[in-house]
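Have a look at the structure that comes next, please.
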Amino acid sequence: MSLLRLGIPKGSLQEATLDLLSRAGWKVTLSSRSYVPAIDDAEINCLLVRAQEMPRYVESGALDAGITGHDWVVETHADVVELAEFLYAKQRLARVKWVLAVSEDSSIREPRDLEGAVIATEVVGITAEYLARHGVNARVEFSWGATEVKVPQLADAIVEVTETGSSLRANHLRILDTVLESSTVFIMNRKAAEDPAKREKADNLVLMLQGAIAAATRVGLMLNVRRDDLPTVLAVLPALKNPTISALSDSDWVAVNTIIEEAVVRQILPRLKAAKAQGIVEYPLNKIVL
Amino acid sequence: MSLLRLGIPKGSLQEATLDLLSRAGWKVTLSSRSYVPAIDDAEINCLLVRAQEMPRYVESGALDAGITGHDWVVETHADVVELAEFLYAKQRLARVKWVLAVSEDSSIREPRDLEGAVIATEVVGITAEYLARHGVNARVEFSWGATEVKVPQLADAIVEVTETGSSLRANHLRILDTVLESSTVFIMNRKAAEDPAKREKADNLVLMLQGAIAAATRVGLMLNVRRDDLPTVLAVLPALKNPTISALSDSDWVAVNTIIEEAVVRQILPRLKAAKAQGIVEYPLNKIVL
Amino acid sequence: MSLLRLGIPKGSLQEATLDLLSRAGWKVTLSSRSYVPAIDDAEINCLLVRAQEMPRYVESGALDAGITGHDWVVETHADVVELAEFLYAKQRLARVKWVLAVSEDSSIREPRDLEGAVIATEVVGITAEYLARHGVNARVEFSWGATEVKVPQLADAIVEVTETGSSLRANHLRILDTVLESSTVFIMNRKAAEDPAKREKADNLVLMLQGAIAAATRVGLMLNVRRDDLPTVLAVLPALKNPTISALSDSDWVAVNTIIEEAVVRQILPRLKAAKAQGIVEYPLNKIVL
Amino acid sequence: MSLLRLGIPKGSLQEATLDLLSRAGWKVTLSSRSYVPAIDDAEINCLLVRAQEMPRYVESGALDAGITGHDWVVETHADVVELAEFLYAKQRLARVKWVLAVSEDSSIREPRDLEGAVIATEVVGITAEYLARHGVNARVEFSWGATEVKVPQLADAIVEVTETGSSLRANHLRILDTVLESSTVFIMNRKAAEDPAKREKADNLVLMLQGAIAAATRVGLMLNVRRDDLPTVLAVLPALKNPTISALSDSDWVAVNTIIEEAVVRQILPRLKAAKAQGIVEYPLNKIVL
Amino acid sequence: MSLLRLGIPKGSLQEATLDLLSRAGWKVTLSSRSYVPAIDDAEINCLLVRAQEMPRYVESGALDAGITGHDWVVETHADVVELAEFLYAKQRLARVKWVLAVSEDSSIREPRDLEGAVIATEVVGITAEYLARHGVNARVEFSWGATEVKVPQLADAIVEVTETGSSLRANHLRILDTVLESSTVFIMNRKAAEDPAKREKADNLVLMLQGAIAAATRVGLMLNVRRDDLPTVLAVLPALKNPTISALSDSDWVAVNTIIEEAVVRQILPRLKAAKAQGIVEYPLNKIVL
Amino acid sequence: MSLLRLGIPKGSLQEATLDLLSRAGWKVTLSSRSYVPAIDDAEINCLLVRAQEMPRYVESGALDAGITGHDWVVETHADVVELAEFLYAKQRLARVKWVLAVSEDSSIREPRDLEGAVIATEVVGITAEYLARHGVNARVEFSWGATEVKVPQLADAIVEVTETGSSLRANHLRILDTVLESSTVFIMNRKAAEDPAKREKADNLVLMLQGAIAAATRVGLMLNVRRDDLPTVLAVLPALKNPTISALSDSDWVAVNTIIEEAVVRQILPRLKAAKAQGIVEYPLNKIVL
């Protein structure tokens, strides 16, 4: 039996990752002080590692695979395989942005105004490359955190990660530019990725994680419709995937079963009803593999 | 784009209403001090308003629509459109009652014994009309709340709202009569109700809210049955809605899919099994539009 | 109307039992100090009784039926009918074990080393019978609880119940032998079991409880598959129960709907995809009666 | 034994009042549903009554005494004796203010701009009298609560109570004027106040409550000082009350024991040290009667 | 260095005992699963033991000393030294009572009516001795707990422990007689009590525990009084212990410092003020050894 | 009025620091998202800054003063004034240690065994200087946290901070050496320290913080003693500070008031009683300036 050494991101991504793994079918149990969580799969060994360090350890082979942010792969220039992108972050099922921000009342209006300025950030490399692309000379200081508070007293500008922008607004910061978009990624050591057993295990993990993510924002919809009304009903349904249409005992009717985004149900349902669909039922899903 | 100004009831109905809106597909986010909640729908503006004042503001057009109690529409004589009745209250999916109650050991036995008495209540108008119907003269005092505690020390009788009667029992009160039954209603301003865009938006809201309420007490039931046994099985199922019967690969069998009240599952399931249904599966639902 | 007097186990099994009853369709409401819980079924009267005493009171007819541990039926030699076994305990959906354990560094290696020793346990009778079967003379002391802490200071060995062994490990105990395996059982008074109305009520309770237990570890799986690929897909599915195969409008395709153990989904799903299944959807279940 | 029927304010003042009574020496125990709390004093009967209704019931003699806001005595024109003022409100040990407020961007700048406007408030009487004093005609509407949210959509201005102004700021309101300052008061029925036994009981309650309030913001301070340095040390201490100066065994030294406001300790202590005080100790207090 | 093996009562007395030990100066730290708590005193080893079993293990010498209930010493006839009685139980600083109780509407009115009855109790021995003293023959059944619920369905009467009687009232039970009064006791093994080092350690523990219990219900009171008024003031103070009277710089005045029951402060303070005491200050205490 | 810009350490020291400031007399209020906390002192501006960055910003003058760990002053070689050392850390009132640790079963036994090894740490500079002092060549890698988990999989050794060693033990690490002892320090910018107003403010802060720390582990002790027994009693008291001895009315007696470490009360009190002290009372303290 092959063993996949998997890094779980400690810190801001940790809770969302453990929750997702649970929905994907793997129970990871933290003990209060240990960083070696138990997992209910004899083919996986887990290790809690900071997202920032994950690329370094996956590159070196200390870990076979890891879940981390794409930003840290870029920052560390680690040579790893990005097997999949997962659309979730600390709070939301969406990408995050590293933004260049200044104080609301700062005179800095665009990147070239940063000439000679002090910029505080956790991503010193990404920031330096961004400045180089814009031909700006500025001093980039490593920030251990609480970066938002540093302008204007401790820095002229910051490059900071944000999901919704609310922390920036609360600190009276103005966004100048997006430096990097990033999402959670599943990375793999180059050599491990060529080991068939490890690669298959990793592919299955990715498949199940993506199945759970897909189900988190979608619901199932079942309805009955007279054959004559079927085209009208189908025209209302989003084209994500062809719905399943099955015959009923009463041959004038068919049953339609489909998967749609939960966010559009409130628009679709009234139109389905108007299109003469009957017995419309929305039901929850655990996983989807289309 | 039309904008529907919607009143959400602040106070006892608030939590149940926000929960229901969430299940219907609208996320309403309260901020800690503001009474203008955010809603994830650009076509709706929300305002938290006391249920008591909702009819007044919907009548005046300050709000296009609102969710409140039927009792407050009656009490305020507001001229509004009641678009729909929703069977939920603070604690339960059911109507509430305004009851006339006295102390357990009071000598008052029926309404006419109230002649000359002091009655404390939050619904002064409804109570006065009730007394007039019974030809009784009594003094009705407005109560700011905590009405149950007022008999016998501060009043001879009260007219108070109750869901289960447990608060009345805990205060050693005896119910004499039901003054008014009430449930939650969706009300609309007369003029707004004639604006097609606002009316359609309101109708859709009502459709989805009723879909979520319907699903809250029901479950889906799937089962397989031999064609010969189908009549027996169908006889067991409640006649709420014709079940969906679909053909299976094995032409001797059909699949039955139906929606039933969760409360009767424990009676139906044993009888379905006795009727030779197989592979009986109960599954949860999010919304139902029959 | 017949009335079933049902004992609910107070203590370690209580929470799991009430949760299970709720999922089976019966809401049991505890009041803070009373041991007579309310149940939303006019045909049942509940009483909270310690699992240890349940067999005694079901045997005497003070209760018609009760949920308790098989271990206490054995310990009390109560003459009752065990209508069903339920695979759940305090923490897990599994059996528990009464084990003979000693201190990790004890010189006691096997049962016969217990000659002359002091053994602390809550199950004095079971332990005495175990020792008799092994021809060992030892002193068995009744323990009021906290039994794990007693070796080596207060006893030479203990017979204690365990679900996962973690409490034993935390107290540095070594397991010598399993004395008894036990699970939760539904027991009935012999006479009540012959009363047709009471027996039917009890049978229905058991059916629904087993339906809820079965659903707790299983999920529904729907998928579409080309008729040609059906044998390959079916070969992947576990043989728990024949899946339901239904015709689709497109006669080249069929829909497969089946129930599988949640624990194997992560192995099955990748293989279903490899077998060319499409639109694979996993959904949650409330109850299963196969 | 005489019995004092005492009203405890239900609602916003409730928690602070119960906490204060506890520190004053009376334990009041609420039961979950009853409004007749238990109190550990056979000479007092408690009743939970809304602050708004307290003056009405104390005036009528239904209660002998009550704790409520001075504002509600003014609003109801109740003829009661205000025995004492307590400097505490819901959140702070301070007075509250009823303020006239408008939307931040309203064109209303001073009271006379309110001519013809709609004003929402819980204190209709106080507001009407205020408007009359300013010779302004405006419509005053009774507000059931959530008053801050009503401007500008539902009212032009409001009269609302505030402790710190933060709720007004959060709702983007601008304060135009203070209509009434109010604090918590201990009121007594005129006739009960002339009953010697009831009056003595009430006076003792007031004495203890004021003793507890006084202690809440003060601390004890002990220090030793050489007789020669005493004048310098005493000059540093606030003149609230003469400190207690006691002789020590070593006749060159005296001990000083005094009570000071906790808020000034951080200013006084460094100056005491500079004045050569030694062994300075700050200790907590339960009650102070100077 | 001698080592005192001390039993801490696991269960209902546990929290109160650990809290008391903490106030007495010993921090006991429980780990989540172990029954061997850590204590910050190298001369003590702790063991968590059920109160019921404590006398047995202190008698046998497995423990040198233990904190348990006097009732369990009586029930087990254990031959131990009761070093001290502590007036605290699970909820209150007071004794508990084992009472004989029957259903409110039972025909049993006095002990002799129990002839032939079934009595459920956790204290089989104490109950049997009580019945023997009253010359009554009845069957005493061991109850594993939840004893209150057993009448009338499962037993005719119970002997159960109560602090305030509220659980008995909630179960509609009527108290017939008090079988035994009991309080928490510090017991010691006879031989260990003769070991001077162990005895001194135990005596010190008892002294500190009693100092903390004494302080829990008392407060310090300081006041200044003119020499002429001293006799009047002293007459008001309870005679628990002579107050400390010290000279002040101003020879016309003295300072009085004393300890009184917190419960009487609300009666004493008004009378001290009436007696012309000044600068009266109540302050909290940690420990008292009078 | 001068303004002191004060850095509060964000992160592990934050809660303990805010609690200490509160006990010292300054209320610091965090808002949920802002890093500029409010403080109830118009002469201080607060900023939440990571302890690691505090020395950098105090050195540069961006802050006048800050509370941080001595370790970070050493690590950053910042040129600041250490005004005071405070004996508190995250969990305890004591110093912390940076220790060199390896896996329990590692073959590394002493520092020189580290030749060629990989060492992970948050204090790269301190670790490099330590290795240089021992003449060892090793690779020091910056660790973003979760350092304990890195041996043996990701590093050969770590240098990590510890208060009690429990996290190291839980991760099965063995301590080889103490690299640095550190405690919390109050640091000041060199120039600000020469500004008399800022320096006085800082000195007062330090005085009050130390007064609060001193009181946290001490209690007050009052007792009466006959003059003849005074020498015996004084011999029992620790020599921390001369106790205050005052004359009583009864000239044969004196009162003794002193401050002692709470940890020794349990040893001192029995000996005071044996020395014939009477009316011994222990009371809590808020601040001590000896």
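Should a chain be cited, it is by its letter among A, B, C, D, E and F, assigned in written order, with residues numbered from 1 in that chain.
By our rule, a residue touches a chain if its C-beta (ideal position, glycine included) is under 8 Å from a C-beta of that chain, and two chains touch if they have at least 3 such contacts.
Note that the coordinates shown come from a computational prediction; the quantities given were computed from them, not determined experimentally.
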Original post:
Among the remaining chains, which ones contact both subunit B and subunit D?
Top reply: none
Original post:
Between copies subunit D and subunit E, what's the superposition rotation on C-alpha atoms, in steps of 5 degrees?
Top reply: 120
Original post:
Could the interface between the copies subunit A and subunit C be described as same, meaning over half of its residue numbers are common to both, or is it different?
Top reply: different
Subject >> Chain at maximum distance from subunit C, centres defined as averaged CA atoms >> reply: D
Original post:
Among the chains, which one keeps its Cα centre farthest from the Cα centre of subunit F?
Top reply: B
**OP:** Between subunit E and subunit F, tell me the centre distance in angstrom, where each centre is the average of that chain's C-alpha atoms.
**Re:** 39
**OP:** Please compute the C-alpha centroid of subunit C, do the same for subunit D, then give the distance between them in whole Å.
**Re:** 58
Original post:
What parts of subunit E, by residue number, touch at least two of the other chains?
Top reply: 246-247, 283-284
**OP:** Report the topology of the inter-chain touch graph, choosing from line, ring, star, complete and other.
**Re:** other
Original post:
Of all possible chain pairs, which ones touch?
Top reply: A-B, A-C, A-F, B-C, B-D, C-E, D-E, D-F, E-F
**OP:** Over in the complex, which subunit D residues touch subunit E? Could you list them?
**Re:** 24-26, 203-204, 207-208, 211, 215, 220, 241, 244-247, 254, 257, 259, 283-290
Subject >> Interfacial residue positions of subunit E with respect to subunit C in the complex >> reply: 10-11, 32-36, 47-50, 52-53, 57, 62, 143-146, 148-149, 153-154, 166-167, 170-171
**OP:** Spell out the residues on subunit B that touch subunit C in their complex, using ranges where they run on.
**Re:** 219, 222, 224, 246-250, 255, 262-263, 265-267, 269-270, 272-273, 278-284
